[in-house]
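Pasting in a structure now, in structure tokens, and then I'll have a few things to ask.
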């Protein structure tokens, strides 16, 4: 066991896999010599050499396209998109090419690649450097989508993503980079598509992802302390594949569902899960499904506005309390 | 114009446009190629010539029939014919190693056939029947046969240039000696992906040869109306430190010689090249487009330079027996007839196949475990899982 | 009243607005001299001149960026993306620039522009020329999203979109281009954000969009004939703004909700509406919300596979019948 | 190198890199510009000189304090300083008409100030307080003041080039005589949007001047390590039929002369230009980046060519009184102090403002009618509408 930052866990996860498999290569802007603008890839170029860890021009289409071409010819590339907002400039490569090629070729082409990216808000970077784009990727058939909330999960899920034979979008929540957590020694490989019940409970199910996990947990602790409410908090960890069993089982137990989403309201991941539960879990539901999201607006830069937009511990706790009360 | 050497004038007709052999121009300020050195004259043996003729006649026969089948309603969706442009495919394929990679576009039948992909599964893919090259999932615009090095036809303009660069990077990293050859049209030179791929390929000295088939039109609009330079690819080569190269894309031997030179150079670590082949499509952009936006005289002039009869004449001139060529034409016709027969008679593909091969496990589930086995197996749950897919395997 | 194709209605709608307002300009690939690859813009260049109707290079970022720059400086541009799949190559311009600029500048910049596009499947064009991308746009705050199902709605909603002071993504379902319908004479201007009850009913609410509207209607007629089921079919017409009142009122009346979506399952527009109804309409619901969508796969090219993927009249009818039976 | 005239060698140090005045090179094969004609010598009057000095000293003072405030935690989020590059802003702004359009990047304080945008709302935008230029919604990377022609700072590399082209097209269509000037970095030349915008601008002869501030680094990576040519902008000009232009971006008068020439030409219908200004940022890429990846000698050599003292010295040399410049420096300090005061004392913005100005109706609702008024006003419905927004106005 070692204590490690989320940032360092990224480096550790990549290093673990590059060590193991010489076909793992890594490319992106400022990732090599500079160690990444979030300092999450420091030292990799010294350890694995310039052939495997490559700085690129500001050419996101070429970065992602190159990763695809390399993946279809035997390598297992990891590409970094410095900010997840830059998926927008390479979206064709991701959504039209990478996601569809295996299917269109009826399995002739495999694309074992990972696109890592700094996702989400909380640092006051404004609307074009703070988006949560998990839902963009979730909507595209052929992409797996992973978003860890702890250093341990960063290492384990990154390893799983790199070993996965299919394309994985790996969303690192950028405000989490400095957080610390325990990471077991030795090789760590997690399993994609497994949600974690991070706080078992019985009164309602609360689903969260990435930076919303610690907030949901704190809200749950507060409500436990103030109201005696016992919430079950689930860290989804992966949107595709989605651990529908864990979600539906939990709702079966609690009869209530809340989602806590950093994204703007419309078509955030919670919409899909709400629709799933409103069908397959309908008879378990005792009251409305409630989504706690950002309002449907871009993320403002001013700290006061940014924090008013993203679901806060207060808003999560207040909303859950009010909606539980209402249904009693 | 200052600063250019051997610049071909914009063709007023194909006769002036295309010159046999390569015409290289001065490279940019930091050219990374060794293209300045004169290569040994490239010899073309008879086998290569026959191989090129075969590609041309087979591609022509295949596409002619595919078009008829399209008009008849047997081929569905869309098709983009390369009739008139086959010499590019013939010359390049002949210069490639068996394990080299081809990346091409929706207008890619000629390149796909040139790599040895059999006609029957190709045509079945175009009609969308059982036995299709890709199970009918790709269609006419996405023909791919990895075992033949045909790494895909791409339908979004420009997308495959970065992808080809990636395959080349992979070959470089694996030290496999493979080269990626990436074909695209004149219109493609105006999209962002072109620029990004060319620059990164040059900086990385990736073994990739970019080939612009300049057929002078992007769909229905003349390339000259939407492009700031005369030669959409060659006039941009200097932006990437590359030589400016314009060749006659209707002359298979000119194409072959240039292809050999730059493919070999790429294989030897000399980095990428950008080659502009002047050519012309005989028909419209796709399907039933009559191509009426093109001046009659222009079409006529290019038809007069049709690579099929002209190369045939040339081969006879250098001593190849007409009978041998006739035999190849017949062989092409036989293959086409066989493919046609299959296309007309093959059954529809199994609809259940739509839920296969999204993932490497062979399936397409977005759930990490089948719903029925993990939730209480109530009728509701099981049915709902079925619902969203339209069939049970989606769960 | 004139009978007109959906295709001709596009021309008519653009012409009506260009006639009225000299600041309306139109650009795209092959739209002028050739009249568009779907022949939906024929004759416009002859009528309004090359300065207002412009052919462009294959440069979608430049097309959409130019529309934005023109909109912020006094024009009202209409940009065509030949196929909606090409949003992927210009997504930065759409999602990061156009959608966010008014908000980020706190209203200094207005962007009255329309992006028209041929959307959806049904013509066997394969996975990169058949996508339904309404949900991509719906997920981005700052974009309005419209998708007409009839020639009349094409004219009226296109006029409304062009006159709207904000950016509108106008999705023309390409398999509908040849269909015909009545269009009233004279100037026609509809209202964005108004759903239409195209078949009133009482047993269940069925929401559909664009090409799924006629299919849902036909399924409803069949079920009326075979089972005596009386379905209420609603043509949403607009996803943003969304006519939540009409939806919630209908569910209140019927107690059941079905969506019919051409898109792949995950995060299709129906997910958002299901989540809305599972919250605000929860107490009206008598049984699960059922989404009828394409499976979560790209759209195959082969006609047999394409039609197995898109919801067919049969599948719509069968599913509705089965799910209604189940809940009885 | 064949085919080039007056090509500047890659600078080994700034002394050789930058030459005063413009150095144009031969245009591409179908240059659409009339740049070949020698323009009348551009005269720079005293008012212009003083105006340029004012821009430089004000931008410098503003950014110096902004950086201090950042390190102190008053300015939050991120900042990208242009210290060292102010001469580009000074020269161009002085050459622009009041109603011309500026498009710039996250590194855009100098350009924004140069158009006359007041410091206080700018700094308030950077700290995110009440009274901010854009209500705090944009932040440091998105400064915009339409009334000053400052049409936005853009934070996605390359995005604003097509947008600037669009504004220029609009001016052309409206026959307003306005010109769009679009500033971007060296690193930006490798992204697709650059290529698309340049080509379309050239074909449309749009009145837009593209200005590359070549500060030789894209974030932490040297531009030469990732670019196939020496001059990332100028060496690509020929791809768009444009002249290749490299100027000394640290000399405001060289910048002004070039700016005047090409802005005036664009205004007169001569079409776009692409101008590469050699310059250097004194600090790191952003925030607290110490910029240690840059050789010490390189930094020192460029600091020696800092436009603030060098231009000051030049102005004194041509007879402007030092006192007059001192007065301007003091005035700059006064303005900065005022802005700082506001930044330290302004209240936080109203959180309710996050739901305003998404749409032209002033609000941000995605519903076409408020839920409460159209559905039965049950407690549940009304509350739920509130929920999803976190406040009632979202409904």
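General remarks:
We just call them A, B, C and D in the order they show up, numbering each chain from 1.
What we mean here is this: a contact is a pair of C-beta atoms (placed from the backbone, for glycine too) under 8 Å apart; a residue touches a chain by one contact, two chains touch by 3 or more.
In this text, all values refer to a predicted model and were calculated from it rather than measured experimentally.
Ranked by distance of CA centroids from subunit D, the top chain is B.
The contact pattern of C-D recurs in A-B, the pair among B-C, A-B or A-D where over half of the contact pairs coincide by residue number.
Subunit B and subunit D, compared by their mean Cα positions, are separated by 42 Å.
Subunit C has its Cα centroid 30 Å from the Cα centroid of subunit A.
The distance from the centre of subunit A to the centre of subunit B, with each centre set as the mean of the Cα atoms, comes to 38 Å. Taken residue by residue, subunit D touches two or more other chains at 135, 137-138, 142, 154, 156, 190-193, 196, 199-200, 203, 225-227, 353, 358, 364, 366, 380, 384, 387-388, whereas all remaining positions touch fewer.
Residue numbers of subunit C whose C-beta contacts span two or more other chains: 56-57, 59-61, 85-86, 88-89, 92, 96, 103-104, 126-128, 141-142, 240, 266, 279-280, 282-283, 288, 290-291, 296-298, 300.
Every residue of subunit A that touches subunit D in the complex is listed here, in rising order: 29-30, 33-34, 37, 55-61, 85-86, 88-89, 123-129, 265-266, 288, 290-298, 300-305, 308-309, 311, 315, 319, 322-323, 326.
The touching residues of subunit D, counted against subunit C in their complex, run 101, 134-135, 137-138, 142, 144-146, 151-152, 154, 156, 159-171, 173-174, 178, 180, 192-193, 196-197, 199-200, 203-204, 353, 356-360, 362, 364-369, 371, 373-376, 378, 380-381, 384-385, 387-388. Remark: subunit D residues 1-5, 7, 25-32, 190-196, 198-200, 202-203, 225-231, 235-236, 238-242 touch subunit B in the complex. Listing the residues of subunit C that touch subunit D in their complex gives 25, 51-52, 54, 56-57, 59-75, 77, 92-93, 96-97, 101-110, 112, 141-142, 165-166, 192-194, 238, 240-245, 248-249, 252, 279-280, 282-283.
Chain contact summary for the complex, subunit B toward subunit C: residues 76-78, 125, 127-129, 132, 135-142, 154-158, 187-188, 190-193, 218-221, 225-227, 293, 348-349, 351, 353-355, 358, 364, 366, 379-380, 383-384, 387-391, 394.
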